[in-house]
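Shared between the two complexes below is chain A, which has chain B as its partner in the first and chain C in the second.
Here is the complex of A and B:
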């Protein structure tokens, strides 16, 4: 196609002007793909870690349990139903009992959630096995964030004050046996984990739990109206919604980047049409239809997008591959966002993401290139040859 | 024979005089000091934290064991904050929030105005004999006063503090010291009455220090500035509407 050949030649001969546009546009490509991959990575990693450490294959909640309602928490416990108990016996599920309690690190009272978990469970990948000890003190497992926030270390003793099922105060001495390094802050901040049986004895709730976590790919319906099933998708919904909303917010960044790149291309196109009016007139005089001339200029602009994709690939692919393999170290501050993000984040780049980004940028570039060129459609060749336009 | 009867009478009388009263009797006399049909009091609370000391002033209207209304008078930050207790329910209202908040569930365990007293402590039945079985286990001297030492064990399982130990002034039947224990026997709270006063035939604490035994603070000092027993309190005081007034 003549227009394509001419467009390529014109574009390359424009030199620095072309390359400036191409570089700006290529940065836009790489940043959009990197940023989207970053959010896809957060989503994948958060889901994976939450399923592994907290959510399992879904959970059964005692009927009155609502994790966002601390007022009803102390009433949210009940006898595990026979069907759930049989799943627990077959290692297909694990019960967790939750009570509110207070601890006194460094002599300062602090409200916490006390969670009882079976030390032998294999459903969640938290190191509950460390709670199997022969020591006299109650073994306690804490998360890294909890340990840092309260200056706790392995071997430290803690007094835990809590209420039993009849609302009488009790206070027990516990010893920290392990500090777990979980990326899931919702099982870490403000929480202590102790052996389930011991906790049931202390609070006089034998055979009771607040929730039962199912293993992956385990299905089964409870035979009790007291236990309500919460599927995995529902338990992950909050975090997915937060990440999606952050992703939508990041679109503003893409719009700004694209706007800057498009502004450069638009300017170049306007300048081209203005400076090359004699050339346009000559082409029309030589028999090229106005439509073909418009196509030529549109191709010239759109080719910026193609060149930018190629240039972006040259430096972008190594950067993106490196970050995907080695991950991006996350500062501790991101813990406060509530995502399972501590340690390294591994962005996830999919073919759909790359192709989708290229298509969006190409369409935008083509539209922006066409708009100034469309003026040529009304151009009279005699006036164009004289250097007049519009 | 007459001499023998007289001797027996003297011996039995002296035994009766020397033997300590039963725990129940002591608690009844303590409750007589502490409980009243109603009272209005003004209290200063000095909260000694790790970094600073805060002083709060409040006025309370109390009717029996079920109704209490407290308004904070100072400092400026807390001025106007009110608290209403009706049976086992508790509400607060503060001018800044202008909302009535029911204190329930875990909130009851929180410290009241940052003091060593929790809302639960505030909600407790003040009549010890209703809640505890008691036994006089000894006699000790406390602040220069001769005291009975009583061990109290909760009558039912649903009592916040499973056991208590109290040192009661033998003459005034006012506890001078109290320790409150968890089911495991761990000391949770201690109360020390440092000054007392007599009003209308009853002995009452003038100054006491309440301390959460598990935390490292110096405790909360409570000073009774004034107290009037058996006064007339309008019924509207003990309504939620009065929180906003």
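Here is the complex of A and C:
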């Protein structure tokens, strides 16, 4: 196609002006893909960790259990139904009992959630096996954040004050046996994990639980009057919503980047149409229709997008592949973002993300290139030949 | 048969709330093989007349029929087709495409009429031979002298062997020797191919070559020396 060939020649011969646009646009491509891949990686990692450490394949909640309501928490426990018990016996599920309690690290009173878990369970990947001890003190498992925030270390003793099923206050002495390193802050901050049986004895709730976590390949049963099934997707909704809200900020950033790149191309196109009026007039005089000349100039602008994709691929692919393979080291501070992250984050670059980004940028570049070029459609060839804009 | 027939043609341009008459009641006929010029001082309407004949502009009144087509009634697409197939243009400032080589500049009009590559090549080489520029085939316009650039422009106008070539002040930027070379080349092509040449000029060097001189003053034909 004549216009394409000529557009390419014009673009390449524009030299530095073209390459500046191309470099800016290629940075936009790479940053958009990197940033979106980064958030896809966070989403994937958070989902994976939450499923592995907390959510499992879904959960049964005792009918009155509401994790966001501390008032009703102490009433939210009941006898495990026979069907659920049968799943627990077959190692397809594990029960968790939750009570409010207080601890006194360094002489300060602190409200916590006390969670009882079967030390032999294999449903969640938290190191509950460490709770199997022969010591006299109640073994306690805490998360790394909890340990740091309260200056706790393995071997420390803690007094736990709690109420039993009859609302009588009781206190037990426990010893920290393990500090677990989990990326899931919702099983870490403000929580102590102790053996389920011992907790049931202390609070006089034998055979009772607050929730039952299912294995990942176990399908949920129908709800019973006392136990309501919460599917995995619902349990992950909060974290997905948080990450999506963070993603919006990244979208704003890439809209700004795209806008700057488009501004550069728009500016170049406006100048190009203005500076090359005589050439436009000549092309029309030689027999090109104005529509074809508009097409030529639009192609020229749009080709910036194509060249930018190629240039971006040259330096972007190694960067993206390297970060996808080696991960990006994340500081602990990212915990404050509201989702679980630490260690290395592995961005996720899907074909859809790459192709989608290229398509979006290409369409935007084409529109931005067309707008100044469309002025040619109203240009009088006689004026253009004189070097005037109509 | 006339190649161009202009009857009672007037061209007016709006200037603010009033109108400026660039051409007034023009009546002219051009036949095949003519080598003629529209002569007049700056602002006399030469270029306007040439633009209307070249279907780059339209008359305000009267008719201009070129190769059987009424310029005033042509759509943009029809006008473009008429120019691309039947007309060649030579400009004062050469107007070569700066990113294309000499070969590509001359080839360009043939690309617009979808000629086969072999045929294109033959015609381009032959056009460059007419203007003695086969040694500059791969040069860019910025590597050519003014005379060479104008010869490329002539080759580009002649390559498709059009019926009509319109030349607007083709020697205005050239010295005497280059002007003579250019004009000699055009005279030869006119003889050889029977192409009609219409010049817009006030250059004495050109005027001496013309077989027919049409004098234009203030948009009116004052004499037509057939």
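Note that in this section the second predicted complex is superposed on the first by the 386 of 390 C-alpha atoms of A that agree within 3 Å, B and C clash if a C-alpha of one lies under 4 Å from a C-alpha of the other, contacts with A are read in each partner's own complex, and residues count from 1 in each chain.
FYI, contacts are C-beta pairs under 8 Å (C-beta built on N, C-alpha and C of every residue); 3 or more make two chains touch, one makes a residue touch a chain.
Just so it is clear, the structure is predicted and the values come from calculations on it, not from any experiment.
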Inset, instruction - Record, for the superposition on chain A, whether partners chain B and chain C clash or fit. - result: fit
Inset, instruction - Classify the contacts of A:104 with the two partner chains as first (chain B alone), second (chain C alone), both, or neither. - result: first
Inset, instruction - Figure out whether A:288 sits in contact with chain B (first) or chain C (second), or with both, or with neither. - result: second
Inset, instruction - Classify the contacts of A:275 with the two partner chains as first (chain B alone), second (chain C alone), both, or neither. - result: neither
Inset, instruction - State whether A:197 touches chain B only (first), chain C only (second), both chains, or neither. - result: neither
Inset, instruction - Look at A:48 in the shared chain and tell me whether it touches chain B only, chain C only, both, or neither; answer first, second, both or neither. - result: neither
Inset, instruction - Answer with first, second, both or neither: which of chain B and chain C does A:169 touch in the superposed model? - result: first
Inset, instruction - Return first, second, both or neither, reflecting whether A:132 touches chain B, chain C, both chains, or no partner chain. - result: neither
Legend entry - chain B versus chain C as contact partner of A:385, first or second or both or neither: second
Inset, instruction - Check whether A:153 is in contact with chain B, with chain C, with both or with neither, and answer first, second, both or neither. - result: neither
Inset, instruction - Working from the superposed arrangement, determine the closest approach of chain B to chain C, counting only CA atoms, in whole Å. - result: 72
Legend entry - Residues of chain A at both interfaces, chain B in one complex, chain C in the other: none
Legend entry - List of chain A residues in touch with chain C within their complex: 2, 6, 9-10, 12-13, 278-279, 281-290, 380-382, 385
Legend entry - Residue ranges of chain B touching chain A (in the complex, touch as defined): 50, 104-107, 109-111, 154, 156-162, 182-184, 186, 188, 212, 214-217
Legend entry - Parts of chain A lying in touch with chain B, wherever the complex brings them together: 70-74, 100, 102, 104, 106-109, 111, 159, 161, 163-164, 166-173
Inset, instruction - Please name which positions on chain C make contact with chain A in the complex. - result: 47-48, 51, 54, 56-57, 76-77, 80-81, 83-85, 89, 91, 93, 95, 97-100, 108-109, 111-113, 156
